[in-house]
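What follows is subunit A paired twice: with subunit B in the first complex and subunit C in the second.
So, the complex of A and B:
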């Protein structure tokens, strides 16, 4: 019988109350300094992890708690793989890029997802791919090895495609509503890359190679629009991203993508909040985990800004909250 | 043979609506258990949503019980159509009970999520689930009116 995730989704419905409400974001944004923001945060779900004002430790523990929920509640291993392999890909990027560019000291990594860091380190020298390494990762490693010019940009390009492919391999099959969220995210990424390529004066073929599969718009279509200066028109015509047309136009004109990033995240958060996710299936659990990831990432930005005494108006240019 | 056909009505009424209720209560129960694992104070709000798909089984049981009484006191030789009347009388409550309990459970699971996220709207989820109940009641009434 197909997994219904009934217990998981019931639990997630109750856990969603722990997400910070808009009012709390307003209060955090209005906090005078990082101490006041910390006091506000101590009264929320994060309070249980906040010891001695160590925010980084708090967020690390919070992320671990959410992942623990994911692993305990998920009735489908594909969901756990889809979520946790994203961090493995990031770790692989740090380790492989550093090793291949002759970085002398051990590189800083994130907590391992499902693949131990030693496996990622030894993958570069192993003649046979380790069994823990997913096929897509082994293929990307082969691609990196076969690169004629081993530049950081070329490695990044392969790893970007790997990150997209790993995500699109496991997650979209879960539910159409969640698949449209992932496709929108991929479109946003592709439009951003294409706009930057245009500003860098790259030709159509070169920019198409940097674009990722998995969005509603094909890379060739986006690259064509970029070369003809029609990116804002194309994004205005893309489902869910209609409002980004003028934002992308301004971003290209001002050569600043801050507003584009913020508006994109606002759209994606909106899709997660109001998207018609099925009650039966893994999508609500996946959406909850991703919402928490966004929340933690935004809190990190907010607290860093408060510590640097950044003005509220400048902070609001980056954060899609409040 | 005639008796077997008549008793089939009893079996259908009790079994199918009972199966529907068991599935339905199971579905909503699992979702409610998920909410209660975080917020045990919601038990009162969720209890009705869990119990609601169970009513179809009761309707089926009542019709089966009444039908059984009629069959046991009937003179089937005098009325040859009795066996089919008895069989068909069990069908409406059986099929509406089976299907409505499962669909009511689906509404109930959504209601559980609603009650967890927006406790003030918990009653709305319950009302929506009650709409499905209406068709189980119609099936029950038709079966009752068809009793031979």
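So, the complex of A and C:
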């Protein structure tokens, strides 16, 4: 029975050994400079992609290798779609925003996910939606076309909602454990957006429009809490995010979200590590892919901080490792 | 090169006038140099203070930006920064200091520096852009100050060269030329005096000789 993901999850168990252990993170954090960190990294799974000290290239190839594993192992096309369509949404944002804002030259895009870049480009001019475009993307494109004021901010607002909807509609169908992870991630994002809007001096209506559906807390509820200064209290009352109350309070007071990002990611990584994912299903594979994405993101932060000779204490304010 | 001048009284008078003019010019330029230096020091201390505070703020922004850049994909970061929502209008004017025209830059900002989606961007990007937008007026003002300092420094350099040229070259050369002409004239006067004395002496000798001849002629008995 293919849909049980028996082989895939056995393989995921083996692949998880390639995730950097806490001891390696300690060593990376203690590295004197970026060269030493690079030497340490060369002895890990990333070593096979590390050529000539080009970390960006290494991480890009590592991400491609993970995706390759995902596509080979996944017996459920929805999982592949859920993961890869996130990149298509980002590419759509770059291309559509540039075209509709009158940007003269072609803009940088990421590798295509499942939708070719040409399809995204021609989608703007085609009268009929392309069959490769998911329904959600077609709806968002229609929404953009119907915008009265075609500003980059308005397009971004639609694309943010599309990105959230893609993540919340395509991925969580795969068992409640994973759905609660995604809901927590959306809550964290929404609380962060509300706090950022508050610091930028936006009013309640403007910030509510930027909040995204899909979390356990409704956008209106979060916007109300933000306008009354009760965001830390509300996040303390949110399932899984209880410990973020004081962190968010400090973040708003100090206008620095390093600790908030660190603690949020620590919670999310904890949920991925200890989540009650059904063994016979796509969730462990999805969790592994997302863990690897976080790992790459944290390595980029670590190496950037080492290259800029940032002190270890400051790096530890952001990095949920070590 | 020493001043070449004919040793005449007219030239002497002319050179004396030039030397007096050079001394007056030297004093004026020296006063100008002192005032320029004073203005330069004021401007420099203002500039250094502003620069120090600016660098501290920029350090905060760069530190936040390091995390923003590392946490975000390069394409997302470029996309977020490609469409600025704030418009900065720089106005330029001038002010006069010691007959110099110094630039004054001012900046007015409208709109919000946050003009991107929140889904793929990080709070660190907001923070670094906030600091950058705060320091932009300071950067522009500092650019005006830096230009003014450059103009003042150039003028100080030029004035100092003029003062030095007057003090160490033109005035000493004029003084030397005046002294040389005076020496020459004195020498010529002494030569003339000696010549006159000699002529006088010769004239006296001739007169004495003539008198002696006349006396001798007067002492001889008359033949008529």
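The working rule: the second predicted complex is superposed on the first by the 320 of 322 C-alpha atoms of A that agree within 3 Å, B and C clash if a C-alpha of one lies under 4 Å from a C-alpha of the other, contacts with A are read in each partner's own complex, and residues count from 1 in each chain.
The rule is simple: a contact is a pair of C-beta atoms (placed from the backbone, for glycine too) under 8 Å apart; a residue touches a chain by one contact, two chains touch by 3 or more.
Because the structure is a prediction, the values reported are computed rather than measured.
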{"item": "Touching partner for A:7 - first (subunit B), second (subunit C), both, neither", "value": "first"}
{"item": "Which of subunit B and subunit C A:316 touches, first, second, both or neither", "value": "neither"}
{"item": "Partner chain(s) touched by A:15 [first = subunit B, second = subunit C, both, neither]", "value": "first"}
{"item": "Subunit B versus subunit C as contact partner of A:130, first or second or both or neither", "value": "neither"}
{"item": "Touched partner set for A:300, first subunit B, second subunit C, both or neither", "value": "second"}
{"item": "Which superposed partner A:210 touches (first subunit B, second subunit C, both, neither)", "value": "second"}
{"item": "Subunit B versus subunit C as contact partner of A:42, first or second or both or neither", "value": "neither"}
{"item": "Shared subunit A contacts, counted only where both subunit B and subunit C touch the same residue", "value": "none"}
{"item": "Touch list for subunit A against partner subunit C, complex", "value": "56, 90, 93-94, 97-98, 101, 103, 107-110, 152-153, 156-157, 159-160, 163-164, 189, 192-193, 195-196, 199-200, 210, 212, 251, 255-258, 260-261, 297, 300-301, 303-305, 308, 310, 314, 318"}
{"item": "Subunit B to subunit A touching residues, read off their complex", "value": "27, 30-39, 42, 106, 109-110, 112-113, 116-117"}
{"item": "Contact set on subunit A toward subunit B in their complex", "value": "4, 6-17, 279-280, 284"}
{"item": "Residue ranges of subunit C touching subunit A (in the complex, touch as defined)", "value": "62-64, 66-67, 69-71, 73-76, 78-79, 82-83, 85, 112, 114-120, 122-124, 126-127, 130"}
